[in-house]
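In structure tokens below, several structures.
Both complexes below contain chain A, partnered by chain B and then by chain C.
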Partner chain A sequence: MENPEETKKTLPRWAVVTAFVVLLGFLGILGWGLKNAQQGPVKVGQPVPVFNLTTFDGQVVSTSDLKGKVIVVNFWASWCKPCEQEAAELEEAWQSYRESDQVYFFGVDYVDTETQAKKYIEKFNITYPNGPDLRTSISQLFRITGVPETYVIDKNGNLANAKIGPYESLAEIKQMIDPLISE
Partner chain B sequence: MSQEKFAFHLDKNFTIGTIFLIFFILFVSTTMVFAQNGTPPTDNEVNAIAKDLYCPVCENTPLDVCPTVACAQWRDMIREKLTAGWSKEQISQYFVDQYGDRVLAEPPKRGFNWLVYVLPPIFFLGGCILVYKNLRKFKNQKPGVDSGNMDKNDPYMQEVEEALQLMNRKDQGN
Partner chain C sequence: MLTNLGFGSLVITFALSLYGIFAAIYGERKNLYRFVESARWAMLLTFPMITLVTLCIIGLLVTQHYEVQYVYNVTSQSMPLYLKITALWGGQSGSLVFWAWLMSAFASAVTLRKWNRDRDFLPWVIVVCLVTLAFFLSMIILFENPFQRFWSTSGGQQIVAMFQPAGSQLIIPADGRGLNPLLRHPGMVIHPPMLYLGFVSFVIPFAFGIAALITGRKDDRWIRLTRRWTLVAWMFLSIGLVLGSRWAYDVLGWGGYWAWDPVENAAFMPWLTGTAFLHSVMIQEKRGLFKRWNMILVILTYSLVIFGTFLTRSGVLSSVHAFAQSAIGPMFFAFIGITFLVSLALLIKRWNDLNSEGQMNSLLSRESLFLVNNLLFMGVLAVVFWGTVFPLISELFTGQKVTVSAPFYERSTGPLFAGLLLLMGIAPLSAWGHSTWKTLGKAMWKPGLLSLLVLIAMVISGIRSFGALLGLWLTSFVIFVTLYEFWRGMIARHRRSGENYFTALIRLAARNRRRYGGYVIHLSIVLMAIGIIGIESFQTQTQAKLIPGESLQLAGYTVTYESLAEFDVQDGRNVARAVLNVSKNGKNLGELYPRRDYFYDSQQPMTIPGVRSTIEDDLYVILVNWEEISTNGATFKVFHNPLVNWLWFGGILLIFGSFIAAWPDPEKGLQLESITKSRQSAVSSSISAD
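The block that comes next holds the complex of A and B.
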């Protein structure tokens, strides 16, 4: 058994305080990291934070400039085979809404190389704004689990619905968007 | 006459063929020289950079051994940049700018990342100090029975003490 007085002699007060501060700080950072990790994706009905997309043409598009419009955010990559299934339908949908100026499409290219991404865009004749997910900031905001994933934001800036995986048809895409236009 | 014609024909064919062959050889050799001048980077050179990068799609798999299409494209990108004369640092920075810090095998020394570099040596040093102090304390301890916590009024302990003293005296007598 150790004499408590002896412990006091060997460990100065400042050392104990410092050790506790370091330990608490470490636990705090650990807790903060855990909280962030368990935060989960933006839920349906929740407001979507504003984000910018720099397109492959060099234009910067911000969601803050698109208030009052329905925004479709599609995450894709040139190496993603399932993305190819919905590419034509998404373009078709964009063409059908383009004139109305009530719906805006964003193509977010996730973890891809520019050369391959441009080839993909050309292959499927995609005309809506597309750009790389620089530093994966947009995908982290939505906490995507893979590609393709599509998020539809309503006119008030809240997440209306999310599609994990490719759309099966043009009708399915329209089914997600049409009710939001008439709101 | 016809033989002469035939000979001329042969010669003509031979000449055209020879010219074509010379052009072909020249073209091939030119192409080869061009390729050699371009000095495409070897797989080892590409992998030397790729081993320090991680693709976010395939977590915990270094880029040099990652089998996915996405990683193959990244390696092609490294090859392109090396061919263009980029340095390892420039290529790594390009990947960080495009895909974020998490592509790096070693986190950059800034912000909270410093903890990764600072905490382990601090804990190691703290541990060393503790071990050293305990060893010194152990060394300075006097040999013998520590009777500090013994209850002197306990009759059983008094008997043990007397027996021990008796044994000591006997030993000294011998």
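The block that comes next holds the complex of A and C.
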């Protein structure tokens, strides 16, 4: 804001420089945000950053404790009809890997209410850890575009494959995971 | 056929705007007025051309050409005709065309005026308008073409393209996906056009401001020329904001009206700077002060408009409003960068020319109170801006997008809004140039006393919330001050001219539209403030699972669950509708029907509350959940929202007030002259006062 008493003075150089620096800084942040927004999901073959899931029972599971295991991250929501198509198969897959202790399943509940979500879990008898995506931080990590989406992380912590939309069959799920176990 | 016609017109309009830009600059540089005149005609011609493009899209939407991707995405057979037409702004590409159409309408209207006295502005106003238009058109043509169709190639691949790829067949789907159900609401039909109108009409004052900077004219002519445009832009933006709130209240089903969502903020920020601008231009007109500041405000307002549009459409921030991910981001970013940098460079270049003609000499004068008003608006802007971009900044430094929630905004803007209310009460009573506590107190003590009586009455009636007491006391103060102003003016006129009271009041407002229109707008803002204070301070809510015959109590109301039915409706919805009976103090008040609509085509549910509205309060019931027929229980969430309807009344009064203030004067020349005279005398009197 101008001070009327100083109006005769010319604008000092530092003020001009500051104005441009602030503006360019702001544009920089904006451009950086845009670049991120345009990047799309984590790319296959790249390492996936560590994240934590707080389950509906209140336990915290961290991917850092699961080194050396194949991790399946499934994004879903109780309001999502296509998610129901794959829910039973995912649980079946989990049951078949459970004993081997080589594969870990995460269910991430995206933008949902807890009561509805618990009902959904009950309906499909889902036994693998499930929890809400608090502050949508996990979905932002993967930059999901919707639900259902499933990401499989290999034993070295790199993204092995991504499935947008529901799995068609149990065989399809196994096809994604089996080669990673023997690695 | 329509697709080719539409696309062809689009390309021609783009070429036309490029030509206009070059002709205007060339004509201005070489002093060849016929080129500027030619640019003006190019500007005028863009309007019928884009109208044709728009009509082509509407034609495709109405005649259900589902082979066109845009039509497929936003309409379906079950939608009524009016929604098919308004689906024009139901998706990214269509709404960009609509934006461009409104923009060209406004720009054409402004070029139609007589330019005799302001010929030096004309080329630059054309350039700014056409650059903006050309930018939007190029985005539509390159990335968001609404005329692209589905094709199946000989290899069996399905692609989307404008022109038929060799050896391919057109794919014609039987039905479209349908408009997002959230957008199938009357409020949604008018809310986007109002906001867009507000957005595009702010281009006009910006264009004149930039023209003034480029030509180096130091006077306030650009402000006088665009005063009405600014007011109209501001009015549309305000209506858009109120309608958006109303839509959220009716459709989103969470009992509120404003969520401080990034996109709401994006529309609110230019409103803040626009409101500050509307006030501070008066200081330049009357006293010749604040020239730089006004220039900054108009640049800021336009930049925030573009910034808001960018945020909404690039996917940088997630929001309920976000359009689908799209490729326009980088191009939009480049446009923002260029706009900001060029404006800043121009402003710095002319900085020394824009010095004030006088100075402030009284702390309580109108101009210094306006200065405080501007500072408060900037404070609110800073809060909202910080909250909006905070997710970006937090992601940059911590790797996590942390969103700022409503309490942050409410706590930090609350005191600033209270300050603005107080100023709304004091500033109209202070004089230009010089005011003292004595003169101010003399004008203020009657309304102040009345408002204190209201405060005492509120305390006696049992209101104990400090925020609500302060807020309602301030609103009553502003109401009394404003009505007292009307009263004093009316009495004075009645005594002087002998007109009856009513005629005196009407003529008073008619003679001084800007002032009294402004007062009416102040009253409307106060009504809205009452609604906001009501819902923020006194909202109560409860949730209960009921079986038929059971009831719950809230704020004196008894809500009884009677029955629930689930059925299919012809337009592709499954409806679950509950019947509730409402009574108060044993008196039956009728039934409410909260429901849940499920849209088969888009697989999306929508919650529609049952609302009972009175001047006093709203009873707002949401159907949360229900069991199968056997158990028959259902869960309801009930809100009691006191005073919320004043928010909507205020919105209507605001339109009325804006019309009074913006209505053209018949004797415009005279008016201008008298303003100049009064300003000269104000300046000279302030000088003599020194």
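Keep this in mind: the second predicted complex is superposed on the first by the 172 of 183 C-alpha atoms of A that agree within 3 Å, B and C clash if a C-alpha of one lies under 4 Å from a C-alpha of the other, contacts with A are read in each partner's own complex, and residues count from 1 in each chain.
We take it that a residue touches a chain if its C-beta (ideal position, glycine included) is under 8 Å from a C-beta of that chain, and two chains touch if they have at least 3 such contacts.
All of these numbers come straight from a predicted model, not from anything done at the bench.
Of the two partner chains placed by superposition, only chain B is touched by A:S78; chain C is not. More residues of chain A lie in touch with C than with the remaining chain of the pair chain B and chain C. When the two structures are aligned on the shared chain, A:L30 is found in touch with chain C, with no touch to chain B.
Residue contacts after overlaying the shared chain place A:A171 against neither chain B nor chain C. In the superposed model, A:V111 lies in contact with chain B only, and not with chain C. When the two complexes are overlaid on their common chain A, residue A:V17 makes contact with neither chain B nor chain C. Of the two partner chains placed around the shared chain by superposition, chain B and chain C are both touched by A:S137.
When the two complexes are laid over each other on chain A, chain A has residues 1, 10, 19, 29, 79, 115-116, 135-137 in contact with both chain B and chain C. By the touch rule above, chain B contacts chain A in their complex via residues 55-57, 68-70, 73-74, 76-77, 80, 96-102, 112, 115, 119, 122, 126, 133, 137, 148-149. Residues 1, 3, 10, 19, 22, 26, 29, 77-79, 111-113, 115-116, 132, 134-137 of chain A touch chain B in their complex.
Remark: chain A residues 1-2, 4-5, 7-8, 10-11, 16, 19-20, 23, 27, 29-34, 36-38, 49, 79, 81, 115-116, 135-137, 140, 145 touch chain C in the complex. Taken together, the chain C residues at the contact with chain A in this complex read 289-290, 292-293, 310, 314-318, 325, 329-330, 333, 336-337, 340-341, 344, 348, 351-352, 355-356, 358-360, 371, 374-375, 389, 392-393, 395-396, 399-403, 603, 605, 625.
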